[in-house]
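Input: structures, listed below.
In the two complexes that follow, chain A is the common piece, with chain B as its partner first and chain C second.
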Partner chain A sequence: MINEIGNIFLSISATLSLCMFAVIFFKKSLATNIRFTFCKYFSISISILITLSFLILAYAFLTDDFSLRYVANNSNIDLENVYKFSAVWGAHEGSILLWVLVMSIWCSLIILLSKNMPKTIIIDMISVMGLLLLFFLVFILFSSNPFDRVFPVPLNGRDLNPLLQDPGLIIHPPMLYIGYVGTSVPFVFAISVLINGSIKLEWIAWLRKWVIASWMFLTIGISLGSWWAYHELGWGGWWFWDPVENASFMPWLAITALLHSLIVSEKRGIFINWSILLSILTFSLSLLGTFLVRSGILVSVHAFANDPERGLYILLFLTLIIGSSLTLYFLKSNILIFHKQYSVSSKEFALLLNNLFLTITTFAILLGTLYPLISSSLDLGKISVGAPYFNFIFSALMLPIVFLMSPAIYSSWKKTNYKSLTKKLVFVLFYSLILTYIILNIFFETDVFVVFLAMFLAIFTIFSSLLKIYQVSKTNKGMIIKKILNIPSSSFSNLFSHIGIGILIIGITISNYYSVQKEIIMQKNSEIIIKNISIKFVGVQNKLSKNYSSQVGIFDAYSDNNYFVSFFPEKRTYNIQKNIMTEAAIDSSLFRDIYVALGENVSEDSWVVRIYYKPYIQFLWYGVGLMILGGLFGIFGRRKIEKKLANAI
Partner chain B sequence: MLYRLSFIPILIFIAILFFLYSGLNKDPTLIPSPLIGKPMPEFSSPTLFDDNEITNQDLIGEIYILNVWGSWCYACSLEHNHLIDIYSRGTIKIYGLNYKDDKNSAINWLKERGNPYKKNIFDNNGNTAINLGVYGAPETFLINEKGIIIHKYVGPIDENYYNDVILPIINNE
Partner chain C sequence: MIKLTKTSKKRIVKICIFFFAFSSFSALLIYAFSKNSVYFYTPTQIINKEAPVEKYIRIGGMVKKKSFKRKDNSLKVSFIIHDLDKSISVNYEGILPDLFAEGQGVVMTGRLINFNTFVADEVLAKHDENYMPPEVADMMKKKEDLKEKNDK
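Right, the complex of A and B next:
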């Protein structure tokens, strides 16, 4: 009974979404305030209804209601409660439900936090959101309904995919979806602006906050995915250029470009046309990602859930939404062009280059991801594009982007004094080179050119960001603390996210080039030495858990004959699906991870064991942490502009 | 100038749509094996039910299906009834390649569900499968009477696949 209520709530939400979309057609006959109130109540009711049906589905999972096909396929009596809850978004139907839930909440937030924006713009944004919600809700109701019943009711469920039974996977999808769906905010903004035919710089300031928020959630989501892959897959890798990963990375690159072009649009009133196009592209890439992941046309050889019918629906939706918005852009974008002069040495130009390279990178990854499709439909044979292509193209294109960060930080709007720019740059370049040389020689004893280049870029970026913030604080008056407190938060946002990128690059480079890995057969009581650490294989014990049985390896690690830690890597066999999962054991410290994974049992006492020594891998997560901190400063610290916006109205 | 350029995104989008649409109806699991047209790699393994050696020479002489499976493999259990149907028609012999499996659980599995296989190669360390370029279970190969691999499919097969794809190939041979 309660499940039918969930279903009815979804139907009502779909109807309300249609009404919300219809508001756009009553521009002439209804007063703005009335239309705004309608939108407000529609969107809030939709959020409440979808939240309720989401909770009803969660309740069905927690109470093991296997009369729902979706629950029967993705849960099990013995599953831990946490995973029963996260199983709600563990497969197709539930993740689309999570998608609309997140979208309805974004939608309500827009209307609640739009005090200083003109109501006509907000109404059109919300109406377009209504159309998007309608599409997804219809999709759920007709082809992916999680409330579908199954008869006869199975006694027990088929269990959640064991790969997904991991803490990292509990919050990864929601974070990613918040980011994904967040890209719809600049999209509906772009549509609304194109329809209304006018734009004000204060509106861009308002939009930037939303864009930073969705950038931040995308960053969190993607990095949690990597973190999960690193812990769960047992290969010691964290990024595989898998189509599903690319699907989330392309919107991230596009929204990073958007973030930077919006700065120029807001401060100088140019690139507006481009920002609008980027907003459309970013959301298009999010939709495309959903299509790629959900239609199964690009999934790996082991996914047997190919569903052309669902794919066709999303493709039609894609055609309609993206096609019509690009056409709208084509027809109306010429009214948004503002011409202003800027020189090659200006900040505008540096950010133009940043956007150019980010866009090219996005398209290079898109090309690589779609290439198997392109080649097969042109009958060039089935080819899959592997990591070497992506690694090469990505690092080659990232090089100029990272290198440009420092000149962009030091240059000024319109035109920079060449003399002072060169002076600063030469100073930073020189010391960064020396610093890189010293660090590499002392700590890594290396002269690999690629490592040197990457480390130099990272140090160059970090050094110039720090120097910039010092210079900004120097112009403030008063005591040191006051000087720091008076630094505008946008500078902090810039500082942390750019330093984050630098730290990330250090982590990637060093862990890639100086990892030591050993895959060997170890006998009980034998020892192996990896980077001055000796690891002793004590034995294997059997362990029984609620829904899996596992073999737990016991390894003791000694440094200079002093015991310091034990590793307990597991090989789990899940009772229902009979999958074997590796749970690697990892000892992390600031400068290195030791990673032990248990392989196959060769004979009675000997096992295949994989041991990795990964230096600086932790820097990856620190770098991401700093980028997120930068995002937080960007969202919460923009009071000055808010005031300006309030005064403008 | 810029007005005309703003048409480019639409063009790119149409091109992408074309490829997405054409990809929609193609099966991503159809991966051509470089082994097609090549002889079945040599192997020598015990069979599942007794320890008699079986080699590739033993199989030459008539066309047969080689099905890679394991009792640990969920998709194989979905495929199994379809294999039994194909077996009961009697048009073609099916050999099994029991891949990375435990001997007892494999035997029990067949006792419980029925045995469509004429013989099973017991490949518990996966050596034969590696030579065949097996990604995972289930996979199905079609090998002609000269011992040449003529077809490969990744994923579970069913009657439709047998009728629409495998039968025409057998009839052509």
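Right, the complex of A and C next:
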């Protein structure tokens, strides 16, 4: 009974979304205020209804209601409650439901947090959002309804994919979806602005907060995915250039570019056209990502549901959205051009290059991801484009972007004084070079050019950001603490994220080039030495859990003959799906991870064991943390400025 | 001589820069692509000598039952894969993915040393037991269709 209510709620929300979309056609016959009120109540009721049906589905999972096909396929009586809840978005139907849930909430937030925006723009944004919601709700109701019944009702469910039974996977999809769906905000903004044919710089300031928010969630989502892969897949890797990963990475690159071009648009009133186009492209990439993941047409380690029909629907939707919005763009965008001069040494130019390289990188990744599809559908042979392609092209294109960060930090709008810019840059460049040389020689004894280059770029970025913070704080008056507190939050935001990138690069480079990896067969009571740490294989014990049984290896680690930690890597066999899963055991500290994973049992007492020593891998997560901190400053630190603006108007 | 105004000079410089950037980017892309795209072959294609020897390729098939051998307690293993029709043997040194088993589908990257033997660098892990690598599934379906036709 209750499940039928969930279904009905979804149908009502679909109808309401249709009504919300229809508001756009009553521009002449209804007053703006009335249309605004309509939109407000429509979007809030849609959010409430979808939230309720989402909760009903969650309730069905928690009470083991296997009469629902979706629950029966993705849950089990013995599953832990946390995972029963996260199983709601563990497969196709539920994750699309999560998608519309997030979208309806974004939609309500737009309308609730739009005080300083003109109502006509917001109404059109919400109406277009209504169309998007309608498409996804229809998709849910007709081809992937989580409330579909199954008969006869099975006694027990088929269990959640064991790979998804991990803490990292509880919050990874929601975060990613919030980010994905967040890209629809600049998209509907772009459409609304194109329809209305006017744009103001304050609007861009308002939009930028939304873009930062969605960028932040996308960053969190992607890094959680990496973190999960590192812990769960047992290969010690955290990024595989898998098509599904690329599908989330492309919108990230595009939205990062958008973030930067919006700064220029807001501060200088130029690149507006480009920002609008980029907004459309970013959302298109998000949709493309959903299509690639959900249709199962790509060869991927993420083996999700393969259903060509669903893929076809999303593909149609995708073509429709991209096609119509690009047509609109080319018809209307010429109204939005502002002409202003800027010189090659200006901040505008640096950010132009940033956008150029980010877009090219996105394109190169898109090509590598889609080419196998194109080639196999045109019968040119089955090709796969592997990690080496992406690694090469990505690092080649990232070098200039990272190198440009420091000049961009020091240059100013319109035109920078060449002399002072070069003076500062040469100073920072010189000391970063020396610092890099010293660090690499003392700690790593290296002469690999790539490592030197990457480390230099990272240090260059961090050093110039820190110096900039110092310079900005120097102009403030008062005590040191007051000086730091008075730094404008926008510079904090930019500097933290850039330092984050620097730290991320250090983490990636060092962990890539100086990892020590051993794959060997170990006998009981034998020892292995890895980087001054000796690891002893004590034995293997059996363990029984609620929904899986596992073999737990016991390893003791000694440093200079002093015991310091034990590792308990597991090999789990899940009862229902009979899957074998490797759970690696990791000991993390600031500068290194030790990673132990259990392989096959070769003979009675000997096991294949995989041990990694990964220096600086933790820097990856610290870097991401700093980037997110930068994002937070970007969103919340700007309130003061906006208040001033509002008062002035 | 045509005299160029300042703006048209600037424009020419801009166009030159653009072309330079565009062509170097394309060159980079083509280089990376030609070096790193890997072709997929089936055992039948390999036996028919349609695949190149000593080149990095991908192959896939089903692991033949009772063909798995481990060389005296080491990481060196060998097995045979087939596509219902032809079969070739595979050598590999390293840890096998959790779901590797006889009778299951598998995809590998590596090199052929001759038209009967493949040396794998990487054996791909797949997520669940029901899952078949799409390439293998596709290949097996074609073979089965062919067999049905022949039976009729």
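Following the convention adopted for this analysis, the second predicted complex is superposed on the first by the 636 of 649 C-alpha atoms of A that agree within 3 Å, B and C clash if a C-alpha of one lies under 4 Å from a C-alpha of the other, contacts with A are read in each partner's own complex, and residues count from 1 in each chain.
Everything below uses one rule, namely that a contact is a pair of C-beta atoms (placed from the backbone, for glycine too) under 8 Å apart; a residue touches a chain by one contact, two chains touch by 3 or more.
The structure presented is a predicted model; accordingly, all values stated were derived computationally and were not measured.
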For this session: Specify the outcome, clash or fit, for chain B and chain C once both structures are aligned onto chain A.
Result: clash
Problem set entry | Touched partner set for A:Asn476, first chain B, second chain C, both or neither | neither
For this session: Name the contact category of A:Ala396: first (chain B only), second (chain C only), both, or neither.
Result: second
For this session: State whether A:Asn273 touches chain B only (first), chain C only (second), both chains, or neither.
Result: first
Exercise. Of the two partner chains, chain B (first) and chain C (second), which one does A:Leu370 touch, if any: first, second, both, or neither?
Worked result: first
For this session: State whether A:Gly386 touches chain B only (first), chain C only (second), both chains, or neither.
Result: second
Exercise. Just chain B (first), just chain C (second), both, or neither: which does A:Ile580 touch?
Worked result: both
For this session: With the two complexes superposed on chain A, say which partner A:Gly311 touches: chain B (first), chain C (second), both, or neither.
Result: first
For this session: Take the contacts of chain A with chain B and those with chain C, and give the residues found in both.
Result: 296, 299, 301-302, 306, 381-382, 577-580
For this session: Can you check the complex and tell me which residues of chain B touch chain A?
Result: 2-3, 6-7, 9-10, 13, 16-32, 71-75, 135-136, 154-156
Problem set entry | Residue ranges of chain C touching chain A (in the complex, touch as defined) | 21, 25, 28-29, 32-33, 35-40, 58, 70, 73-75, 94-96, 98-99, 109, 124-129, 131, 133-135
Exercise. Quick one: in the complex, what on chain A touches chain C?
Worked result: 161, 163, 233-235, 296, 299, 301-303, 306, 356, 360, 364, 367-368, 371, 381-386, 388-389, 392-393, 396, 519-521, 571, 577-582, 599-600, 602-603, 606, 608, 610
Problem set entry | chain B-touching residues of chain A, taken from the complex the two chains share | 273, 277, 280-281, 284, 288, 291, 295-299, 301-302, 304, 306, 308, 311-312, 315, 318-319, 322-323, 326-327, 329-330, 333-334, 337, 366, 370, 373-374, 376-377, 381-382, 577-580
